[in-house]
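These are the structures in question, set out in turn.
Both complexes shown next keep chain A, but they swap its partner, so chain B is in the first and chain C is in the second.
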Partner chain A sequence: MKLSKIIDKCRLEKIVFCTECEVKTGYCGDLMSDVMAHAETNCIWITIQAHKNSIAVALIKDIKSIIFTNNVTLDKEVIKKAKEEKINLLRTNKDSFTVCGEIYCMMEVETAKD
Partner chain B sequence: MSANYSKEKLTLVNELIYEIKVKEAMSKKVIFFKENVTFREIQLKLKEKKISGVPILNNVKNIIGIVSIDDVITAFDKGYVDNKITDYMSRDVITIPQNISVVSAIHKLERFGVGRLPVTESSDSKRIVGVITLSDILNRLLVVVQSIAEKVEDKEIKNTQISYDLIKRIVKKRLRFEVKGDDFDNAGRVASITKKYFQNLGISKDIIRRIAIVCYEAEMNICLHSLGGSMIIEVDNNNTVIYAHDKGPGIPDVKLALKPGFTTASEKIRALGFGAGMGLPNIKHYADKLEIKSSLETGTELKAIINLGVKNEIK
Partner chain C sequence: MSPQLILEQAVQKELNLISITDHNTVQHSILARKLSEDMPIRVIPGVELTSREEVHLLAYFPDIEALLKIEKEIDNYLPKRKNNSQVFGYQLYYDLKGEIVGVDDVLRQVALDIGLDNLIDFIHSIEGIAVPAHIDKNRFSLLSQLGFLDREANFDAVEISKFKWRKEKFQLGNTWSDFPVIAGSDSHGVEDIGLFFMEDKQEEIKNFISLKDFLKRSKQ
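Then we have the complex of A and B:
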């Protein structure tokens, strides 16, 4: 599923949008080591952890897009780093559970089509 | 698929048809009849099962004859299709024992121009244990070839093309990083740089991922729990060795620290998503070998080894 479709349907705020990509799977987690151990490469990551380390984790795990939930505040440094590393940053006032649910349903529909 | 080709060139398939035994390829489910049936009954069965012939067995499953589609057609032609088969069926049956290689089955099928061979328990037995056709043999061959191909593929993945020159260079030049304690902003730097460095070597993605995870967790440990330290990443023969040293305060109980979920992290660290007690367990999980020496006086020394999966040792 195209990232832009997720952004559109879930009405996500685009903080940094540098590359369109194909999203096949997602991971939700706020513990860095957990994300390190379990997130799949190229997944979309849903989290409330909005600091520079999130970008580092995304980079190491080849995660191309992060959705920050609960409208967390992002500082300039994080945005700058994301732009440098070409990682898409999206934000929403919804909580992680809701966003995951929305994306999950969209993916189910998408797979059903195939 | 004739075995005659083997005289010209011994290919993998030629080799395999000698290795595969009839019993590996045959269908164990045998459709058969006893001799008290009519040709018409057999014709219906052949049509239903889309087969070209059935063996006729007695009470102890010994073969006593065979009825093929040709026999049925002849019966229609000559007008005895509703008669019992007993007087008409061919009693001279060509069978094949189960413990012989399929190459003999191929020869027999070709020589006698038949589509299927009933398989007997052994060469001196008439008990039927299966039936074999050319397509059974072909199916089995494909399965065997597939499994050979998978093994070759696996090997290839393990021995992905690695730039030996680059590895030689990294053997000479190791990566060294200072890691400050409590410096969250720069944390993750070691892992990022190391990852990029190894990507240039053409090592398989999976191994790079593991190296990056180990580096990240070791780096975070220095940053979160120590007064600062350093990391060295080097390639030694076939291995990446990741050293992480810190200046203290040391781990009082290493065994306990390796337990998933055990943490000494402060509330502040945990709020940032660290200190879940998964760092050392993650390292242990992703490294091929892990050694930790810790003293409350001199600090902690961690050594993690990840095999690069290079076929030949680098000299």
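Then we have the complex of A and C:
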């Protein structure tokens, strides 16, 4: 599924949108050690963890897009780093449960089509 | 644990320099500092803060004034919720004599709504030292929450658990990823006090200022 479709359907705010990509899977977690251990590469990552280490974790795991939920505040430095590293940063006032549910349903529909 | 009891015990165990770092609260650290003026022990004002990322951060300060400034920040950033004493226990206030004078009913076992880096900047702005706590533990630590240690980060030191300190035979002046390492007894009861301490063989760390200088020198 195209990232722009997720952005559209979930009405996500684009903080940094630099590359369109194909999203096949997702991961939800706020502990970086957990994300590094369990997230699949190329997934879309849903989190409230807005520290700049998030960008580094995304790089390590080849995660191209992060959705920040609960409308968390993003420091300038996080945004700057994401631009440099070409990581898409999206944000919503919905909570992680809701966003995961929405994306999961969309993915199920896509898979059914295939 | 009253500050008076802590200090008596620490003196008995021949500790020279201690700090009381309660979670998101400073009142007992202030009392301990005041009590120490008439006792053969030095006390560094301190507190253990929880950042938005749920990283526990130790902060040490030169004086009570600075501690009062951080208290204001805590009040600003702590969610206004009531403590559940059944879950977290009673948070008792003691006076200088060790008498219970009140119960703190503010929920303190939660995160402040301020990010780690901003919190550290504030601590530095009032001349304090910022040290991520027990980074080797898998809960509420810099490594568990944020995954790894950023060498560019502005910590003054990192704290490890006393178990790791003993196991790896750390000494004052040693570093971890270029950051000076310290460890505390993490005493949660009077019986813990004095069971663990760091030995200052050169006898150069007498107070906050000399601790700050020492850490600055140790940082590579």
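By definition in this document, the second predicted complex is superposed on the first by the 114 of 114 C-alpha atoms of A that agree within 3 Å, B and C clash if a C-alpha of one lies under 4 Å from a C-alpha of the other, contacts with A are read in each partner's own complex, and residues count from 1 in each chain.
Everything that follows uses one rule, which is that a residue touches a chain if its C-beta (ideal position, glycine included) is under 8 Å from a C-beta of that chain, and two chains touch if they have at least 3 such contacts.
The model shown is predicted, which means the values in this text are computed figures rather than measured ones.
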- Message: Taking chain A as the common reference, can chain B and chain C both be placed on it without clashing, or not? Answer clash or fit.
- Response: clash
- Query: If you stack the two complexes on chain A, which partner ends up touching A:S33: first (chain B), second (chain C), both, or neither?
  - Reply: both
- Message: Let me test your reading of the model: by the given contact rule, A:L59 touches which partner, first (chain B), second (chain C), both or neither?
- Response: first
- Item | Touched chain A residues, chain B compared with chain C | B
- Message: Looking at A:T41 after the superposition, I want to know if it touches chain B, chain C, both of them or none. Which is it: first, second, both, neither?
- Response: first
- Task: Report for A:Q49: first if it touches chain B alone, second if chain C alone, otherwise both or neither.
- Result: both
- Message: So in the superposed three-chain picture, is A:D75 touching just chain B, just chain C, both, or none of them (first/second/both/neither)?
- Response: second
- Item | Where chain A meets both chain C and chain B, residue numbers | 30-33, 36, 49, 51-53, 56-57, 77
- Item | Complex contacts: residues of chain B adjacent to chain A | 184-185, 187-189, 191-192, 195, 205, 209, 212-213, 216-217, 220, 272-274, 276, 278-279, 282, 285-286
- Message: Residue numbers of chain C touching chain A in their complex, please.
- Response: 52-53, 115-118, 138, 143-148, 150
- Residue numbers on chain A that touch chain C, as the complex places them: 30-33, 35-36, 49-53, 56-57, 73, 75, 77
- Note on the structure: chain B partner, complex, touching residues on chain A are 30-34, 36-37, 41, 47, 49, 51-57, 59-61, 77
